[in-house]
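Same chain, two partners: subunit A is paired with subunit B first, then with subunit C.
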Partner chain A sequence: MSAYVEVTDLRRLFDVSKPWLNRVIEREPRRFLTAVDRVGFSIAKGETFAIVGESGSGKSTVARMVVGLLPPSAGEVRITGISMTDPREAAARRRLRSRIQMIFQDPYASMNPRWRVGKIIAEPIRAFNLIQGEGAIRARVGELLGLVGLHPDDSKKYPHEFSGGQRQRVAIARALASQAEFLVGDEPTSALDVSVQAQILNLMRDLQDRLGLTYLFISHNLAVVRHMATRVGVMYLGRLVEVAAARDLFARPRHPYTRMLLDAVPDLAHVGRARVPVSGEIPNPIDPPPGCTFNPRCPLANDRCRAEVPPLLDGVACHAVQEGRA
Partner chain B sequence: MTETILSVRDLTVTFDTRRGPLTAIDRVSFDIGRGEILGVVGESGAGKSVTGSAVIGLIDRPGRISGGEIRLRGERIDTLSPEAMRRVRGKRIGMIFQDPLTSLDPLFRVGDQIVETLRAHTELSARTARTRAIDLLAEVGIPAPERRIDGYPHEFSGGMRQRVVIALALAAEPELIIADEPTTALDVSVQAQIITLLKRLCREHGTAVMLVTHDMGVIAEAADRVAVMYAGRVAEIGPVAAVIAKPHHPYAVGLMGAIPTLSQEADRLSQIPGSMPRLTAIPQGCAFNPRCPKVFSRCRVERPEPILVGASRVACHLYDVTEKAA
Partner chain C sequence: MSGRDIDAGDAPPVPLQAATPGRIARWRDSDLLASFLGSKIAMAALLATVLMVGLAVAAPLISPQNPYDPAQLDLINSNLPPIWQADGQAPFYLGTDDQGRDVLSAVLYGLRLSLIVGVLGVITSGVLGIALGLVAGYAGGALDTLIMRIADVQLTFPAILIALVVDGVARASFGGALDVGPLIGLIVISIGLSFWVQYARTVRSSVMVEKGKDYVQAARLIGLTPPVILVRHVLPNVTGPVFVIATINLALAIITEATLSFLGTGLPETMPSLGTLIRTGNRFLFSGEWWIVAFPGLALAGLVIAINLLGDWLRDALNPKLQ
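Take a look at the complex of A and B:
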């Protein structure tokens, strides 16, 4: 099976230097933050690939680069074989664009509060000129609203008239309006209450079954990822530390960070559990530790881990695992 | 039963608005014993934070406590004058909020803030207060406390700041701590550290804790008993293990089924249709009746009173024995 999305050696630096005058006066060099460092993965058609990590791990930056909202500093994203950056493939990319959509954490921020929902959902249809004639567009909007569990009459309402969960349904309807086949969700349910989150997660899975959608799902919530994903990538400080099939990752986590993360999640099955939590916090990404970035918190770290960046081999980037010490 | 620290009976909080009074908390009752952690869980708008604010007397106008009573070690505190209540806060009731930065003054060193609290509520001299502040920082797990005591809040990471806030809450050895979403802003690995810390301190000091959160996983790990709130009322209250493993109230059943877990794979999450009612439109009878799968005619007219079912108290007509007989 050929990959639908192919990400290779993706890198993104952010310039976090002080203003020019300060640099001159204080004699400071430019400073860069490596938000994403040589990340590579592929997503098969119809699959849900999830990226999980704590804040500052670079997972949202990856999502933005995949959909083309942010140009990568290095590396490449190919979707159905078309490069998202190469200027020579601009024409093909333009045709591809309508098939890629993003769903954000806060649906309210991604909608024009002065537009009725009908107009919001119809916008991609008009922008890509997919359907001609007002009547046909209206019929399609009604159909999309029905698809996400809302009523066609809801198209006359404004975004503020909906609850958070309903708004996220509107955002999904808008994403599907352009006949999207690849949806990137950046924490799509993090702002929702659990009972509403369950509705949206179920809806996303139903739509995937019905329409054969491919998902890139970004979340910090491991339980949600376990529920949604077929494959999972774990990120820590801009690097992918482990990639595995969801079932394997949750049954047999290999990277020490993945193990720590899984152990740290409070879960309903752990009533009154006592445990020894991992010490330490994520270091400042401006000044990450040399070698494996997890080494200051890792129980298995040795001198090699402090000096040498472990490559992602066979789904895990860890010297200890590769040397058989884990 | 150990000594009861906090006793809340029929607490009702009303917000007077232009459109008439809105009842945010409707006859809520619970007790917290010495050294016990009571989890208060619910979705947004359930009234869990307002309950916490009412206990510490921080309900702002136009809200007011319009009924019921709150007793701290048998002494009524809801009728105290603002001045008397101010002395109870900090001294007898400590507080921990979601965002530690709002609890800390950015212009003062953290040590000075702890010393100020100690001096306001105890007879300690400046010098002993400082020693005590260092002890407190050490107790909450801040490395090199004798140096960090002179740091400003912005020099601490999120997890360390929350530790400082916990030290601040513990400073005057309160009998009760209200923790409102203390770990929500933190990453999972840090969250686990804070939960463990809170549990240990509560056990060692015999402090009663009211832990308000929307995260059932946190409750499962930290709390001894849990109150599930819905639309300003307690739907079910009981031992954590019982409520999670075998919830009785249909809302609690739906809520537990809606939470994706790491321990088991579910193909679909159970979902509760609809969303929490607005305060302006709380249904007659049981507030949950329009969303309840087991609703019957009595639910629409008569509000259920809490009934003892096993070790839990459940506000649901389904468990009324007279109902079954009829």
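Take a look at the complex of A and C:
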């Protein structure tokens, strides 16, 4: 299994310091928020890797660093072996650029409201100079609209004339317009109605089968992840706490956090069973707890957990699991 | 992969068949037109503005006299009162000044100059302010701080003072006598440098909102460079408030030009704008020849009020909080 995407030791800090003058007057040091801390994973070609986590866990930050919208503070993202940050590989990266696209969370904000859909979808084709001639571009836009289940005539409309689900179809068509083979979906369905969500997810899976796409799928919705993912990474406060094949993760969750999340999910097979609600809240990332960041919420935490950061070993970052206590 | 446990049907939705309305239809159905038709003040202001612009454009065709041509002036006709007074003579309907210049013709030609200078001044300050606002908002950081601090400093001076300084420095360095063409350019630049701050601030704040939106991120993803993104995607989405400022600033620019001319640093007496006419006419106010100053003054006031009312209406009509 050759890795299509290789992420190693990815970190991202955000400067949340007060302005320089306030720091000087109030004698405060600079403050940084660690949004993503030493995250590493790999995605094989044709696979769907999902990252789940609560809001504030850093999953969207990972997505933005993977596609190159946000520079990492440390670590590296390699896609088909080409570094997304190394300035020496800028030329190779430009050629790679068209093959990586993103589908955004809010289909209302991801399109220029003043452009017709045809122009929006044609923009990547023109930017990468993929097809010459207006007629050929128009034909390709029509073909792409058909591919995502819209009508070629829809290219004459404005984004506001579409429903949320249809707009997300347009966003997928735009992502495919540049002949992308790796799509990063940053919660692509969380702004949609449940029934429409299923349509969009099924469309994404159909397209994956037909075009051999590779997905990085960001979501906080476990049902969606179960539907889409081949492998899942669970993020908590900027760290990956568990990585496993989707089937294994849902059948045998190992990290206490993953178990807590899965216990809280309503399940038709176990109607009537008391669900354990998720307890506690994600701590403030500016001032994270020492040791394992999950320790304040963890039923298995001991003194070691409050002092040492557990490394990701064999797909799970937990002292209790490694010590056999869980 | 496991079976599809969420399944609400894979059938694509039926494509929307409703025809997309064209530009004219969208304009006809827009709230802006409805608001315009509902406001008598807006309609009157637009009518007055269009009328005065029309008069200014047609000045060479409709004025009885070319006030720039000394050969047409005759001192015998000097200081004639308006036609409805006892000594009034055709074709000097609004009387003449001390040079025998027809006041009506001078006002029409002056209106023309005031509008030209005002419009060019608004365009200059708009282009300058929009460009700086786009750069400041998109780049952020040190460049943003630099541009906005310059703007802050500039706001501590009255606009007219800046215009006077620019005008004075330029005149001193070119040495007094300037042709009318370069003189108009100079006044336009003074006005442009005095009024860019408002555009820059407005555009900057809109850009800061827009640049975080996903359509800008999507444009970055396909490798577009910041200048292309700014012009192609951001600029068209931040122009709404700019039009309001431009309308209100047109009135301000005309006033500034008139003030400069009134103070004697604007357009010369041989090619008078409304401000120059008011300045020259001012001298005769106490000797009884009121018409030399009154008619240019009325024209200026009417023009500025009409444009201001139009700008006020536009600002309210485009403000979603007032609807």
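Note that in this section the second predicted complex is superposed on the first by the 314 of 326 C-alpha atoms of A that agree within 3 Å, B and C clash if a C-alpha of one lies under 4 Å from a C-alpha of the other, contacts with A are read in each partner's own complex, and residues count from 1 in each chain.
Following the convention adopted for this analysis, a contact is a pair of C-beta atoms (placed from the backbone, for glycine too) under 8 Å apart; a residue touches a chain by one contact, two chains touch by 3 or more.
No experiment lies behind these values; they were computed from the predicted model shown.
**Student:** First (subunit B), second (subunit C), both or neither: which does A:P290 touch?
**Tutor:** Neither partner.
**Student:** Would you check which partner chain A:E54 touches, where first means subunit B only, second means subunit C only, and both and neither mean what they say?
**Tutor:** First partner only, subunit B.
**Student:** First (subunit B), second (subunit C), both or neither: which does A:H227 touch?
**Tutor:** both
**Student:** Check the residue A:P71 against both partner chains and state whether it touches subunit B (first), subunit C (second), both, or neither.
**Tutor:** neither
**Student:** Is A:S279 contacted by the first partner subunit B, the second partner subunit C, both or neither?
**Tutor:** first
**Student:** Between subunit B (first) and subunit C (second), which does A:A264 come into contact with in this model arrangement: first, second, both, or neither?
**Tutor:** In the superposition, A:A264 touches subunit B alone.
**Student:** Is A:S98 in contact with subunit B, with subunit C, with both, or with neither (first, second, both, neither)?
**Tutor:** In the superposed model, A:S98 contacts subunit C only, not subunit B.
**Student:** In the superposed arrangement, which partner chain does A:Y158 touch: subunit B (first), subunit C (second), both, or neither?
**Tutor:** Only subunit C is touched by A:Y158; subunit B is not.
**Student:** Which positions of subunit A sit in both the subunit B and the subunit C interface?
**Tutor:** 163, 165-166, 194-199, 201-202, 205, 223-224, 226-227, 247
**Student:** In their complex, what parts of subunit A are in touch with subunit C?
**Tutor:** 67-69, 94, 97-98, 100-102, 104-106, 109-114, 123-124, 127-128, 148-151, 153-154, 156-158, 161-163, 165-166, 174, 178, 194-199, 201-203, 205-206, 223-224, 226-227, 230, 246-247
**Student:** Please name which positions on subunit B make contact with subunit A in the complex.
**Tutor:** 43-44, 157-160, 187-193, 195-196, 199, 214-218, 220-222, 224, 240-241, 244-245, 254-266, 268-273, 275-276
**Student:** Going by the contact rule at the top, pick out the subunit C residues touching subunit A in the complex.
**Tutor:** On the subunit C side, the touching residues are 1-2, 4-10, 12-13, 15-16, 18, 20, 213-215, 217-224, 233, 236-237.
**Student:** Which of the residues in subunit A come into contact with subunit B in the complex?
**Tutor:** My answer: residues 54-55, 163, 165-166, 193-199, 201-202, 205, 220-224, 226-227, 247, 250, 260-275, 277-282.
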